[in-house]
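Below are two complexes that have chain A in common, paired first with chain B and then with chain C.
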Partner chain A sequence: MTGAGRPLFGEQTRFMLLLITPAALLLTLFQVVPIAIGANASFRDWALYNPKKTWVGLHHYEAVLSDPEFLWVVLPNTFIFMILSVAGALVLGLALALLLNRPFAGQKIVQTVLLVPLMVAPVIAAIMMRWMFNDQFGIVNAVLEGLGLDGQPWLVERWTAFGVIVMTDIWLWTPWYTLLLLAGLQSLPREPFEAAAIDGTSTWRVFTHLTLPMLRSVIVVCVVIRAIDAFRTFDIVWTLTGGGPGRSTELFSLYAYVLAFLTLDFGRGSAAAIIGGLIILVVGAVLYRVVDRIARV
Partner chain B sequence: MAMVKEPLLFARLPLNARRVLFGLVLFAICFLFAFPVLWLILTSLRPESGVYYVHRGTEFTLGNFVEVLKDDRVVEAFANSALIATLATVFSLLVTVSSGYMLSRFQGPAARTWFGTIYVFRCVPYISWVLPLYFVAQSWGLYDTYMGLLLPHIAVHICFFSWLMKGFFDGIDPSMEYAALIDGCTRWGAFIRVALPSAIPAIAALGVLCWLFTWNEFLFALILTGNRVPVITVVMAQFVTEMGMRWNLMAATAVMALLPAFLLALFGQKYVIRGLRL
Partner chain C sequence: MMTSTTKFMASIVLSKLNKHYGSLHHAVKDVDLTIADKEFVALVGPSGCGKSTTLRMIAGLEDISSGEIRIGDRVVNNLPPRDRDVAMVFQNYALYQHMSVYDNLAFGLRNKKVPESEIKAAIDRAAEMLGLHELLKRRPRQLSGGQQQRVALGRCIVRNPLVFLFDEPLSNLDAKLRAQMRIEIKRLHSQMPTTSVFVTHDQVEAMTLGDRVVIMRDGEVQQAGTPLSVYGHPVNRFVAGFIGAPAMNFLDVTIRKEGDTRVAQSAAVKLAINEASARALEAWQGRPVIMGLRPEHLALGSDGPVSRSFPAKVEVVEQLGSEILLETRVGDARVTVARVPPETQVAAGDQVRLSVQPGRLHFFDPKTETAIVA
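Let's turn to the complex of A and B:
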């Protein structure tokens, strides 16, 4: 591909490899090696109180996969969270991108305000929400009571707490969608839209027949990336509820963390981490296919 | 552009009413989006006695910020976060720009393998490699050190940023580089003197993102550091459990942690928006 007139083939290969050497080295040292060590640990009885590291085969995998907590709370939570958070932020982000895609006075200011959540650390976002949804002193309950409604103990019940977590995540990631989709919208060719306007096509038809199909590749990329990221969400759950009440809002990352660093069972924690990694690799591959096919219609 | 035409009901209203309605909707959206941050700022300005009824009362004070900054641990955490975010950004850019350039300019088995590798590792959840990295860091003596936190932060962005960088370089016509090669420039010369300058907007965008991501990162620091290298996100999360009732101090710390990110994003916004076209 790289044109003619280059002196030596060997020189080109050397150049190519040198370009990726630092990245490959770092990737190996800090991702490949740890994953290998984690895989090794997952087959051993590796705990703080039992440093013998005896080989136990698939015992930890069986334990995790037969743990009702993992099967009936953590996995459903993780997938429900993933679906709600991705869908919510996509719809909201697309709506805002369409809104920002036309010129109006003060557009720059609106755009800046809408991008605010992008720079808020998830930990800070979680702290803010925790304070706003505080059952005694939070503003949300104060407003509800002002309206004559009853305040809710938001973070003390499973599904309201889960709702607050999902909402926080949507708030955090909507700007990301807005940004990418807006860039996509602005790079679309104008002619088809002008033609549609001349033909008097309805707004909804323009949206479903022109805008959406033309944005397909951007949407696919957004959804796949965000779904994979949503699967590993840790910070906001840790700070908002700590997985509580009880362990009812734990997501996968938190489950593995609790096993390894609070229960101090590194073997089982590593097994959980590997299981999660495998699940997301499969989900990622399937998702890519499905979303790509849906978007193509 | 005629891309978004108003719905019928909306279109029937007189122009002025339409403008007002549109303005109101915009204002409501902006308000909802900014409200959590505004509320945090308001809370941080309330004295201890008024913090539980932020919406009433009119007393305001900057005392919370002063009190938080008296805590050496908080100051140290800010310094550490800033240092690590800056170093991680510099090194991460060095590593990923060249890797993205390789992905964009070469085809064949090596480039395909590398692309596949970074795609797979982009999908691996952080916990799956940071959890065992805890053992690795301990046995290499990197646990709770600057290096032990900095290196994983550089490593984590390799996949995503190489991929974004490839996209940027794909958008730059390589014929200039060929011309430079024919004129006797080395490959490194063509890369550094010809390709890099035209990629500067993209590099700026990645720099802003990288700094923000590192500044905001929590899980790595939680697992890979103890007491010797406090960073701001971990210190704040500890506050929630340790002094969960003192919301005014909590909010003041959070506002200070927001400030650098906010300033950076404000100035970097145009680069990010221009640079993020997929």
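Let's turn to the complex of A and C:
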């Protein structure tokens, strides 16, 4: 390095900065700026018919937080959905991972087939499900009627519709759990399991006393990631029920979307989005703490 | 099972035991071995020779390709590990990391639904024997390697099994700790004599621990015998070189007759052979053989007759304080000399004579490497 006219950064550093610039720009443009705009909008009377964008302070926040629809339908729906979807896919994924962890004929094929849901776009999956559960010509009712049972108006009643939504999400996400848990299982040391086998441990006790505790950290990470993700679910609900019947299956993202883009009240929609963001921030942090505590034991 | 105080005889019999991995790899070949009740057998050999595989077949962790394993009066070939009533200590301890030491020790007994009071008593006894009392509440990762291995031993002891299996349990410990644990294991065995198979690649461990030492190579048992017999009468060059430290020296010599006596001769060496060996070497008259000399049987100087010593050039002097180790050159062979008194004046480059008792010579067939005179 020469002393005269030394640039601010070394050549290598400059090159590295150059390399991350596109990503940083993208992040700023599509993450930071929208959040800033949204946050700004949430304090204003921002609607297409009102060019003044009057500052209204916390008015929108008050409105959202006192909306019975938000408090008694959307929030409970969101959390019930989060819990059922995360727990359901976790249990199924774990079961599949345990099955796949022992060698059997056709293992490769099963592994590949299992990955199919991961490759299907959620919207496509939701459309498939909507057709399957269609009360007039869906295959589910056809099969039920073939068996002599009554077909159900699945997507027309709140809880059956909600059930279909949860099921779709579980179907979509089970392979993701399976993959991660299988990787976790395969990275576990072999000897403790051999010691347990010699010590005469039953399969169930091996599962509860060795496998689960040893997989704990992987499970915890999966749960935290998926819980946060499930909170933001939009696509499959929008495609399957559109939040209906009525607004009974609306989840939080849908609520914000409807406010902002259907009723075109950007201010209130933004406020709802930010409230949701804050809620998930808190939920995420708490979950992470809890989970980290459990994992460290 | 725990409550039965009188255990029936637990000998282990391996007959024509074989293990194939895939179609190509033959890891254990026709192993025949009988281990008596309460005997401590050390299975020793270089890494990859099939010791662990043999042990794991006894434990039931590995399928048997062919042959038979009996423990006590039962053929256990098709019994799962849990029904064999064996306990095993692993090289990396294999403790349950998320359980306390106490729970680790209790795990096997809880599997059998032994009452907690009995479990506590058994753990107290084991903790007493191994000095684990202060550690019972800790988790394995809060313990040193030596303490972890002690817990692993304790986990086996509390189960009071028919057979103890050890797979290189001391390999992860440092030299000093290894020596301590060796003594500990020896003491345990005398306190609660239990049929034991101890796998190690370290011949010192094998010799010090084993009532009997079994030397394996490439999946085959080379020799089984007491430490003294495998040291004194190795059946082939491999065993001779493997057992004993420093390792035995080997020289290429030819057997000749000089007057009445027979000698082993090369360009650099001429040593008289005693009568017993001479008889065995009768057929080798005029032919090349391999002569083996233990470093500790060589002495510096030539007080005796000249036919018992040969010249050597000192290349390296290793002063250990208690003794000197010499690396010397004899012709084009290297010869190690051990147990040279530490105050001996000797330096690299010195010409010396090395002498050896005729009865200490070993001779091996150069082709098959089996012992002619061991």
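Just so it is clear, the second predicted complex is superposed on the first by the 267 of 297 C-alpha atoms of A that agree within 3 Å, B and C clash if a C-alpha of one lies under 4 Å from a C-alpha of the other, contacts with A are read in each partner's own complex, and residues count from 1 in each chain.
By definition in this document, a contact is a pair of C-beta atoms (placed from the backbone, for glycine too) under 8 Å apart; a residue touches a chain by one contact, two chains touch by 3 or more.
As the structure is a prediction and not an experimental result, all values here were calculated from the model.
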### Task
For A:G269, decide between first (touching chain B), second (touching chain C), both and neither.
first
### Query
If you stack the two complexes on chain A, which partner ends up touching A:S66: first (chain B), second (chain C), both, or neither?
neither
### Query
Touching A:M214, do we find chain B (first), chain C (second), both, or neither?
second
### Message
Taking the superposition on A as described, I'd like to know which of chain B and chain C A:D199 touches: first, second, both or neither.
### Response
second
### Query
After lining up the shared chain so the two structures overlap, which partner does A:P34 touch, if you call chain B first and chain C second: first, second, both or neither?
first
### Message
Going by the contact rule stated at the top, is it chain B or chain C that touches a larger number of residues on chain A?
### Response
B
### Message
Looking at A:A183, would you say it contacts chain B, chain C, both, or neither? Reply first, second, both or neither.
### Response
first
### Task
Once the two structures are superposed, pull the chain A residues common to the chain B and chain C interfaces.
194, 196-197, 202
### Query
Where on chain A is chain C touching in the complex?
189, 191-192, 194-202, 205, 209-210, 213-214, 216, 297
### Complex contact set, residues of chain A against chain B
1-3, 5-6, 11-13, 15-17, 19-20, 22-24, 26-27, 29-31, 33-35, 37-38, 41, 96, 98-99, 101-102, 104, 106, 110, 112-125, 127-132, 134, 136-137, 139, 142, 171, 179-180, 182-185, 187, 190, 193-194, 196-197, 202-203, 206-207, 211, 217-218, 221, 228, 231-232, 234-235, 238-239, 242, 252-253, 256-257, 260-261, 266, 269-270, 273-274, 276-277, 280-281, 284
### Task
Please name which positions on chain B make contact with chain A in the complex.
1-7, 22, 26, 29-30, 33-34, 36-37, 39-40, 43, 51-55, 94-96, 98-99, 101-102, 105-107, 110-111, 114, 117-118, 120-136, 151-152, 154-156, 158-159, 162, 174, 178, 181-182, 187-188, 191, 212, 215-216, 218-219, 222-223, 233, 236-237, 240-241, 247, 250-251, 254, 257-258, 261-262, 264-266, 269, 272-273, 276-278
### Task
Spell out the residues on chain C that touch chain A in their complex, using ranges where they run on.
59-61, 80-84, 86-88, 90, 92-99, 107-108, 111-112, 155, 159
